[in-house]
Amino acid sequence: SQDVAEYALRLGDDALILAQRLGHWISRAPELEEDVALGNIALDQLGHARSFLTYAGSAWGKNEDELAYFRREPEFRSAHLFEQPNGDFAATIARQFIVANYQYRLYRELTQSTDAMLAAIAAKAVKEVDYHLDHSTQWVLRLAGGTEESRRRMIAGFKLMWPYVGELFEDDPLTTRLGEAGVVPPSLRAEFDRAVAVVFDEADLEIPVSATATGGGRRGHHSEHLGLLLAEMQVLAREFPGASW
Amino acid sequence: AAGQENFDRIIAKDSRIEPRDWMPNAYRRSLVRQISQHAHSEIIGMQPEANWISRAPSLKRKSILMAKVQDEAGHGLYLYSAAETLGTTRDEMTDALVAGKARYSSIFNYPTPTWADMGAIGWMVDGAAICNQVPLCRASYGPYGRAMVRVCKEESFHQRQGFEILLELANGTPEQRVMAQDAVNRWYAPSLMMFGPPDDDSPNSKQSMAWNIKRFSNDELRSRFVGMMAEQVKVLGLSLPDEAIHFNEDTKKWDHGPLDWDEFKEVLAGRGPCNAQRLERRRSAHEDGAWVREAASAYAAKQAATNAQKVAA
Amino acid sequence: AAGQENFDRIIAKDSRIEPRDWMPNAYRRSLVRQISQHAHSEIIGMQPEANWISRAPSLKRKSILMAKVQDEAGHGLYLYSAAETLGTTRDEMTDALVAGKARYSSIFNYPTPTWADMGAIGWMVDGAAICNQVPLCRASYGPYGRAMVRVCKEESFHQRQGFEILLELANGTPEQRVMAQDAVNRWYAPSLMMFGPPDDDSPNSKQSMAWNIKRFSNDELRSRFVGMMAEQVKVLGLSLPDEAIHFNEDTKKWDHGPLDWDEFKEVLAGRGPCNAQRLERRRSAHEDGAWVREAASAYAAKQAATNAQKVAA
Amino acid sequence: SQDVAEYALRLGDDALILAQRLGHWISRAPELEEDVALGNIALDQLGHARSFLTYAGSAWGKNEDELAYFRREPEFRSAHLFEQPNGDFAATIARQFIVANYQYRLYRELTQSTDAMLAAIAAKAVKEVDYHLDHSTQWVLRLAGGTEESRRRMIAGFKLMWPYVGELFEDDPLTTRLGEAGVVPPSLRAEFDRAVAVVFDEADLEIPVSATATGGGRRGHHSEHLGLLLAEMQVLAREFPGASW
């Protein structure tokens, strides 16, 4: 249905934009093992994006590339968190930790979707995100418990990303309409908070006191970062419309 | 002397030297130089391709390219490990690279202005690398040979992907076709020069062959590569920018036109288009990441101390 | 007491207070708050427009936009100077801003997703600012009033440029027209809210008016602005997203529809779309630049010492 | 003539790309005075670019915007130095110092061009570049003579930019053909070196020992940075081809 397609588009855009961000680390990571690890995570996210976008596009007669390369900014449905710039490694880890905690619970619920395709994509994705969760958790512990500098940066990273947490759990008519086919975002919040609290407790971190930013990504209102990201991502495809690669 | 005899015996029967075996210092030094240079090439070689990850023109190509560049980081890791078995640490090798004291393959000092370069690098640069590396799978030093087996398997996969990129472009719009031919033109001579200077100007080759590290001469490998390219370029429907290529019936080898070795030496001496950029990018990634590596060690040390306490208690 | 009398006399005859004049602490505090808030707004206000400098769609527009954003830095400079005459240093004010303790105009917490926003900000946001600021040219505090004269002159130039951007879009392709209307729709209510809360909910206004800092009430200025917009939007051939706008023959003022003051308060409380981003960007520019400012002071100190030595010798 | 147009294109592209780089500092400079100063320099460079491009375009029936927004990377003629990323403030100052020393002498010579238009543009530009030269010189002295950190960064900045100095003074058939209408780049080198040496001497800096990078910008062979810069610069104009702004 149109609703399912629109929902898949949201999940696909989140993953696509994140993959684009993470891809930037490849060849620039703090150690080779992280070039590999962040590359893996980027690849996983890109894979999820392709599955969700292909499914969404099937409702509109569009393929994944038409959706990724030939939509304009207001047609994207990503949440602002995914659009945030990488910052330093700690900021990237903060974003990853939040994303993985969110996506893990989201996809786990989604495996129960009455929509067989969404359930199938989620079932594959949740296994991979389980690793992302572990990866980011380990780094949160390391950075928070490493040196004075790494701890300062880890705290700053979370401060930077926290304003964009709220949007992930916002409800809107679509998810209500979807019922058992989708996941109602607010239903994930309590467990997200609990899981984050466990790690923050071990890392001796506190939830940042920062106001929640107004989101709007699901309605096509994006952070100012998305336009620049799309300019780069789409440049070649748009220069040769209709070409195949 | 017993060590030398044993070493000579192993080499003579074309068997493998392992890390604990005695080996001549010159053999060790030569291997460290070669393996670390190879590792550095994998790492620096990530950059020209990483340049297009963000702009890859389809999601499938983006995914393949990401995986490829990531594989190169993996190859770097295997190779640094192999070199470490010879008693040099990865930190030492990295420091030498970042300080501009270590070499890496000159080919990565050329830029990648277009998407077709992703095809040309895969097809030609990885193709040349494979010609060089397949014989290295039988290198006399065990850890190196085994690392090369893994590397070669992935490289031939990469080469096929590069070929596919070019094939798609060659069969695409006229502009895409021009883009493909332009990339082939630019990478042709540099990829031939990847095999190193002509045999009569390659001082280290002989010893390397005597030690069963190197198996074929630079010119032999280059000729084999030219032949491969000359065949495959027909499938692409493109051409190589060298009219002198032909199969020499007398030598049973492929000949090619003259190469501009002055340019090769210029690039080798640091005066290529991207030498400064490549080194700077590696240096800054390494330096920017120092605090992360320090944090990881500090955390590991704390954890170890805590665990030791627990065990003691 | 003599000070207070003199102050009251100056205010009564609507003349100007100068930095060396005695003034009540509350007057000084109120001015510092207002002027620094105004300066901060200029500085933070650079960001939503700087967002499009790199992508401006013609070189002429790029040039105008660069000059405009640069003017805003200049306005910030005048205003910080004016505030400094009241005994607060720019460093103190900047620290308060960067720490998130100082206010700036909430309007700059909205994003600029399209090029048309450059038009809407110029026409509406600068337009509202001018309505607010023209009366401030006569503010009782001399340095503030004089700074505002310069600011206002440039602002009206900026407003005209914004109007031109919208006019060009409104007369452009259908897509450009949609882009223009969308931006006007998004900036309309926020620009009306720039005049502050309704008069019956604006506690500081009364004292400010008694001191001849503020000359008109929030609602008066807002009404004047709505009238201006309602006329000019016709020239653009666009519409304002408020059907309630009309000239009220009884009050001789322009009325408008209800505004969402809850949203206003949310944004004011830091929960707007871009509050975190704006503050973070200012903070990081300030922190990243710390070493430059330190170098400049250190160098100046060394130069001064050298010069003193020369004089002494 | 075509040659004069091609020559104007080179100068225009240098200035355009530099303006694009410098524009990024506006709202991000270390102090407000520098937002203003770097903004001024960016505006000046953009002004020069517009004059040169308009003149170049007049030979081909193209306006400045067609040249700036609708050429592809290989059609640009900028030298690699102008394309280098901003880096930190010291790197930007290093680039500025080199550029200003080069442009000042170039434009001063060009005021003598037998081509009246080139001479006129240069006459206006040289006055503005005189200020750029002063601005960057002052900062080189301040940063080199300021703190330990600023000195370290200033040295690193020059090390970063120096490989791209050589290309500025390279000759090619075009400048030879132009004769008195243009300026032969190698003729500027000696005075450039002298002027740089004076400042480096005062700042107690040494010419970096770094190999010269192969350039090629004048033949359309660019650094890998240019493609990304153009993707951003041209994105909006290309999204609405034929639109007027």
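Before moving on, here are some points about what is shown:
To keep things simple, chains are lettered A, B, C and D as they appear, and every chain counts its residues starting from 1.
What we mean here is this: a contact is a pair of C-beta atoms (placed from the backbone, for glycine too) under 8 Å apart; a residue touches a chain by one contact, two chains touch by 3 or more.
As the structure is a prediction and not an experimental result, all values here were calculated from the model.
Among the remaining chains, those touching subunit A and also subunit C are D. For the pairs C-D and B-D, the larger set of C-beta contacts lies at C-D.
Centroids built from CA atoms put subunit B at 34 Å from subunit A. Each chain gets one centre point, the mean of its Cα atoms, and the points for subunit B and subunit C are 57 Å apart.
Listed for subunit D are residues 231-232, 235, each touching two or more other chains.
Multi-chain contact residues of subunit B, defined as those touching 2 or more other chains: 55. The touching residues of subunit D, when paired with subunit A in their complex, are 72, 228, 231-232, 235, 238-239. On the subunit D side of its complex with subunit B, the touching residues are 73-74, 160, 163, 210-216, 221-224, 227, 231. By the touch criterion stated above, subunit A contacts subunit B in their complex at residues 16, 19-20, 23-24, 26-36, 39-40, 42-43, 46-47, 49-50, 53, 64-65, 68-69, 88-89, 141-143, 145-147, 149-150, 153, 232-233, 235-237, 240, 242-245.
Residues of subunit B that touch subunit D in their complex: 48, 51, 55, 111-113, 266-267, 269-277, 280. Residues 43, 46-47, 50, 53-63, 66-67, 69-70, 73-74, 76-77, 80, 115, 165, 168-169, 172-173, 175-176, 281, 285, 288-299, 302 of subunit C touch subunit D in their complex.
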